[in-house]
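In this document, chain identifiers A, B, C, D, E, F, G and H correspond to the written order of the chains, with residue numbering beginning at 1 in each.
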Amino acid sequence: MSDVVFDFERARRIGLDEAVFCQGKTATQIASLLAEARARGAGLLLTRLDPAQVAALTDFAGDLDYCPLSRTAFFGPLQPVRVRDKVVIVAAGTSDAPVAREAQRSLRHAGVEAELIVDVGVAGLWRLMARIEEIRRFPIAIAVAGMDAALASVLGGLTPAALIAVPTSVGYGAAENGRTALNAMLASCASGVVVCNIDNGYGAASASLRMLNAMGAFDARTQSSR
Amino acid sequence: MSDVVFDFERARRIGLDEAVFCQGKTATQIASLLAEARARGAGLLLTRLDPAQVAALTDFAGDLDYCPLSRTAFFGPLQPVRVRDKVVIVAAGTSDAPVAREAQRSLRHAGVEAELIVDVGVAGLWRLMARIEEIRRFPIAIAVAGMDAALASVLGGLTPAALIAVPTSVGYGAAENGRTALNAMLASCASGVVVCNIDNGYGAASASLRMLNAMGAFDARTQSSR
Amino acid sequence: MSDVVFDFERARRIGLDEAVFCQGKTATQIASLLAEARARGAGLLLTRLDPAQVAALTDFAGDLDYCPLSRTAFFGPLQPVRVRDKVVIVAAGTSDAPVAREAQRSLRHAGVEAELIVDVGVAGLWRLMARIEEIRRFPIAIAVAGMDAALASVLGGLTPAALIAVPTSVGYGAAENGRTALNAMLASCASGVVVCNIDNGYGAASASLRMLNAMGAFDARTQSSR
Amino acid sequence: MSDVVFDFERARRIGLDEAVFCQGKTATQIASLLAEARARGAGLLLTRLDPAQVAALTDFAGDLDYCPLSRTAFFGPLQPVRVRDKVVIVAAGTSDAPVAREAQRSLRHAGVEAELIVDVGVAGLWRLMARIEEIRRFPIAIAVAGMDAALASVLGGLTPAALIAVPTSVGYGAAENGRTALNAMLASCASGVVVCNIDNGYGAASASLRMLNAMGAFDARTQSSR
Amino acid sequence: MSDVVFDFERARRIGLDEAVFCQGKTATQIASLLAEARARGAGLLLTRLDPAQVAALTDFAGDLDYCPLSRTAFFGPLQPVRVRDKVVIVAAGTSDAPVAREAQRSLRHAGVEAELIVDVGVAGLWRLMARIEEIRRFPIAIAVAGMDAALASVLGGLTPAALIAVPTSVGYGAAENGRTALNAMLASCASGVVVCNIDNGYGAASASLRMLNAMGAFDARTQSSR
Amino acid sequence: MSDVVFDFERARRIGLDEAVFCQGKTATQIASLLAEARARGAGLLLTRLDPAQVAALTDFAGDLDYCPLSRTAFFGPLQPVRVRDKVVIVAAGTSDAPVAREAQRSLRHAGVEAELIVDVGVAGLWRLMARIEEIRRFPIAIAVAGMDAALASVLGGLTPAALIAVPTSVGYGAAENGRTALNAMLASCASGVVVCNIDNGYGAASASLRMLNAMGAFDARTQSSR
Amino acid sequence: MSDVVFDFERARRIGLDEAVFCQGKTATQIASLLAEARARGAGLLLTRLDPAQVAALTDFAGDLDYCPLSRTAFFGPLQPVRVRDKVVIVAAGTSDAPVAREAQRSLRHAGVEAELIVDVGVAGLWRLMARIEEIRRFPIAIAVAGMDAALASVLGGLTPAALIAVPTSVGYGAAENGRTALNAMLASCASGVVVCNIDNGYGAASASLRMLNAMGAFDARTQSSR
Amino acid sequence: MSDVVFDFERARRIGLDEAVFCQGKTATQIASLLAEARARGAGLLLTRLDPAQVAALTDFAGDLDYCPLSRTAFFGPLQPVRVRDKVVIVAAGTSDAPVAREAQRSLRHAGVEAELIVDVGVAGLWRLMARIEEIRRFPIAIAVAGMDAALASVLGGLTPAALIAVPTSVGYGAAENGRTALNAMLASCASGVVVCNIDNGYGAASASLRMLNAMGAFDARTQSSR
């Protein structure tokens, strides 16, 4: 069986770098990808990277910028920020922060700086209202919430932005590991809300990049030839 | 097999009249209960009563006060209103109105007049905010919503009332016939929200009566000896 | 209880007209909304409108442009097409056409002309490949598919567009009324795909409008003052 | 990203203190909240606090009153009992005791002393009947049960109290981690039973506080300015 | 493809007559089985037989003893009652009566007379307690209940009988078409309760016959040579 | 909160000793029950007792007869065997043996010796056929199987015994932790099969004891006054 | 939107004719496909064709060979039988016959004559054993069963054939519309059983054709140039 | 209870060796089977064998050929390769490799050499297209994929081979532990795809052997008398 063949060409075709999803991979498999990237002088984004995996990647420690909250790492040279003031990430509670941060870091890796606003869940509506004018200034918004996911619907009624909802697995019992938040976002009473998989902050970032592509604010196909 | 034995004594024991749940019952079975109630001079509440069933109850038509929206009927003498300004029913959309109305009519049958506010779903938050001071004046609130059921969470953060949430089967696909609204209400980010079965407006009314009992505002055990 | 209060102001706030979701509404309720719209000189989009409902709206027949395939209707004056060449709708099979058409008609009502390509399911990959260059020219793509929903993943790997996936309830057994297509789209191996509720062509159109807003191609807030 | 912003003002708005849900939080995050509370002289309730987390909070050990059974802790000065004889908590079996105790401790933190009666499951009906007159004296009852949750229905037929049912995740196989108990309580043959999320003893306490608010027995909005 | 081959020999092998499950069968198929039975002089039990099917069986009307409540029919000569005072069927509510009656009629067809007690649901515990001494006299008890199915657990604690629980599809929403009752019975806090499929009154009767076989009260293998 | 109150009187009322379900209990809680039993001179059956729990019960080690396969223990004097040749336990595979053994040991504790036949799954039908005449001699049969649970249906067609089916959680993927076996047993094409909860060997034993009661072969109410 | 584009070339590419799945199609859509086939002189297989649809296809009645049991039709010239004695279809009960027949007719349309054996469910094992030697002569076997689907496992242990299992939606309650049969077949204790979608007799036929292709017994790529 | 009885005769009856499924078995149980095999001079395939189990089988280490990726082991003499160029295994991503490898190793144990092609998921369609002519040369193909499982459908449209699809539990959230891949494969838009249980590489190998049997390429019944 052949080794992992990493798709360094993907950015050219669809405007998105492939990230390394590390969950379930051995440190050896990850190290092999890092070595290949280093040889090509390419940067890489790693997601779902556990501290134990990081600890085992001793040969690459100096080139890894690791964030334990979001379990993401930047490997190699990071491209400069080229897009600002386009994407805001809004998270309902502190428990949703890891997913929100995964989205923010994934965007940063692609050269997009996103604003992150946490702890504005609708059970304390004043917290959201205090920030809503700021939020409304962004053409793209990512709403991150677990449990009842009511934030996505409320936000959908308050901003005209392209709105990407990310359900999280926060909660217990009837929260059903994020399934309830997912379904509530899909069945949102606010129209035009689109949804990613549970806890998929990287996916929301990728969707944002596709939209930035569509807007002409970001041409991933030229960009990634770093 | 014996006939249906209606529990006319229930009010004495637990402070709640038994209502006739008509779904799945034949017109003959319902007519038999009405005849017994008439003989005892008792009033009755009928729920989930279809127009077709009403049409078949010709002998009792004059004594039935039927509401097709909520599919409820009052049979026989209606007791006077004895409790006011204690219960408000808040429904997210017009599609939730049948369930909200079932709650309102069930309360009215027990002598409680409840305020009904419809079409204040959170996708248009200004609609709710325009009514919130009015809503906050009631010690008991019933929130009726389907789809994402975000209304319950938002309301839970805005009123200190005893808050009863009723999910409805409004919606399609990921709304899963009300299961998503139910789970979202159970996993609400607002604390102290309690939940009834899907579409169970009568249940919310019954729970309100239990609470009014607890408040001393309503003593069902003496009341129902009409 | 008050009558249905239609939110004619919504477009001003979030850039999207509210549509009338007719499923579960009586002809009388729909007629009341149409009368109000007529009085204001406003146009309306109606979705999930059954032929039986149409037949009952005799007073408005002359002003209804009804499409039985998508069960949508335009009521009143239709605004001119103002946006072209931005949105393509790709449907896997003819059974998915009603949902695809709902998306197309919803966009048309908002003044956006979308291209519709049907019957390019991946079981006959050559059908999709024959059209792929054409599809890749659009900045926004809507993928409509039921059953295994593999079209969304294949398309996600072939176009850099903002990609909105709409699962349909086409199929039986393990297709689980669209739940399998929904989950497969959410768990797509192609990154950055975002998903709407099952059969929600209108939702995909609304999401497209949010994205066109974000692109500056379409300012719904001024547009809807027709 | 900003730190956790604790909502010390919530009690003023809706009459309920916010508790710290510790599951999934790091000891550092919890310590930061405790430090802030200490600085303000405020007391705090902590729920789902594991012994391992307690062991890591060495700086605060002296001010933590920890109950390992319910995994709750009181931090800082505890307010005096101000409400008695209003709430009874009835648990089906000893396995349900942790949830029942979470409810009792949450109420105690708010100044409400609740009676706790354990091991009165309906498979040995005499155990419940021996206590029923005592139970019927309370205007608010919390029923805690897993597995078949039959206790809630039986109790609902025996007491006129406001009845809050809390399903627990006790059981295996068809108990489905509490989902069966939850559904059985929602579909109870006793009317007016309202339900909380699985294992949510804190939620039942919060709902009780809302009801005590409604009864005028407890005004959380003045109370919590301790 | 060969026609339906009815298993007239089954009674000899396992002590149970095969019944004709009519749901989904055409009148022609049923008529063909009746003709074969008539030719052999055998009696037959038909279950899930709709009135429309009965109406179509004109050639056999005189030999059909049809019960519309349970949708069962006896065809041909009915064997005499040979077993009494062994089986009691206890149903929670009148809505459960069709299933209870299917069990009773299935037993009667096999020559076993069973007592039927309806409307003793636990929400009105006094109704059950008034009959409990009578119930305890039977060595085999069948408990029929929908919704929360609490009757099975309460009964399991009150009688030492072999206890067969039959969940019914009575209820809505969280009752999940009988799935909640089924799971609650399987997870019953009373031990030794065994369970049949949802609405399967015939199955409970068959299980009773197996137990009567085991008791020696009933030898189906000689019995069915009528 | 009071301590665990063990129901030593249960046998008198319903003919079944209560067993101690140890899963989720602390060693201290179990030790307290053992001490109470020792003080009364009563024997006890313990189920779901892990080796780690056993290791912690040092004060009682001499009186515990522990079986690690079934995770059951007898505590104190064991009553003599009083019933033989009435119950056979048939398990599909060796992975089902722990559950089968729990049933056998639970019966033994009550004085009933049951035959155990393992590894006769229907994928190798000859294994079952080689034992079928032996199996058919028992009036009560317990079928234990996971995965597809086909054994229960095949056995149901081969023996006239009272047949109790116990699904096990053996298998993976579509076996759904025993839910598939459970449903297949409930929907068995063999009639009169009754079903216990997943992995509930103790429940099958209890059901057998109820049946033996019904047969007069075993009077638990006098028996348990040991 | 373009019309339905029928894939007349599919047989050349993958060796299978495309069939027309008629469920959900209008008579007009079906007629359009038939007209196109007629113009090309091609034959067609139609599946899930309701009698009402057939009745509406008046222009094509003479060329339709319709089987109401399986709801399939042959349109146009039928190719001769070219393969015999390779495929046997075994169905558990008469209720499974429509699905079994759909498989048989689909094979016949492709020129393969398959043997059909019905009513050999394992609850009456002798029925299967009487036919087993005959069944074992075929290299490919299709097992069709609903409810517990035990037939597939038993057959899997008795024949070395390539074994395709088709679950049916026969049954109620815990049969869960065929989901239980599907899962039981997937989790079969017999190894090497492969599974199709619920009620998918056409799919089993297609899989058989792929296998016949693999065996060289049938070269669909040359065959279908009729 | 008797010990594990291994079915060394199975190959003679149905042409498949029984493998030892090690998950859930103790090292002692496995050792006992190995000893028996050694005594008979038979080879054995072990699946789902964890490294910890391997470490405990010290007495047999020299005779175990263990593959940690697939968690399979060959024990004893391995039979020579007798079949080549008949089976290709195609896996979507590297995370699917363990399951693909289990299939490959299971085939190798039976004397069949299968080609393995990994990392050809459809999100990068060019990877699959680069290998498609090679894949099309094999009469039997096994498609291994998780998440959306789109590979199976695309492959089904590109090869006329007998196509066995194996869903894997790769993915998170809406991937539902492989259930989504399973359902998508069952509801595939490509016809004639057959499906195995989740992660069941061994099952796909067994199904291939049945097909090779049917093709006459492989007579397991004579083969296994090694």
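In the analysis below, contacts are C-beta pairs under 8 Å (C-beta built on N, C-alpha and C of every residue); 3 or more make two chains touch, one makes a residue touch a chain.
Bear in mind the structure is a predicted one, so any value in this text is a computation, not a measurement.
Novice: Shared touching chains for chain D and chain F?
Specialist: For chain D paired with chain F, the chains in contact with each are E, in label order.
Novice: Could you find the chain whose CA centre sits the greatest distance from that of chain F?
Specialist: Checked the centroid distances; the maximum from chain F is C.
Novice: Quick check for the class: compute each chain's Cα centroid; which one is farthest from the centroid of chain A?
Specialist: E
Novice: Chain H and chain C are one sequence twice: same or different residues at the contact, by the over-half rule?
Specialist: Over half shared, hence same.
Novice: Would you kindly tell me how far, in whole Å, the mean C-alpha position of chain F lies from that of chain E?
Specialist: 27
Novice: Measuring from the mean C-alpha position of chain A to the mean C-alpha position of chain F, what distance in angstrom results?
Specialist: Centres of chain A and chain F (C-alpha means) sit 51 Å apart.
Novice: Quick one: chain E and chain H, Cα centre-to-centre, how many Å?
Specialist: Measuring from centre to centre gives 46 Å for this pair.
Novice: Check each residue of chain C and list the ones that touch at least two other chains.
Specialist: 13, 124, 156-158, 172-175, 182, 186-187, 191, 197-198
Novice: Throw together a list of every chain pair that touches.
Specialist: Between chains, contact exists in these pairs: A-B, A-C, A-D, A-H, B-C, B-D, B-E, C-G, C-H, D-E, D-F, E-F, E-G, F-G, F-H, G-H.
Novice: What residues on chain A touch chain H, complex-wise?
Specialist: 1-2, 4-5, 7, 10, 13, 23-25, 29, 167, 169, 178, 182, 197-200
Novice: Once bound in the complex, which stretches of chain C touch chain G?
Specialist: Contacts found on chain C: 94-95, 97, 100-101, 104, 116, 118-119, 124, 127, 170, 172-175.
Novice: Okay, in this complex, where on chain B does chain A touch?
Specialist: 92-93, 121-125, 147-150, 152-154, 156-158, 171-176, 179-191
Novice: Using the touch definition from the top, list the residues of chain F that touch chain E in their complex.
Specialist: Of all residues in chain F, those touching chain E are 13-16, 18-19, 139-140, 156-164, 182, 186-187, 191-198, 202-203, 205-211, 213-216, 220-221.
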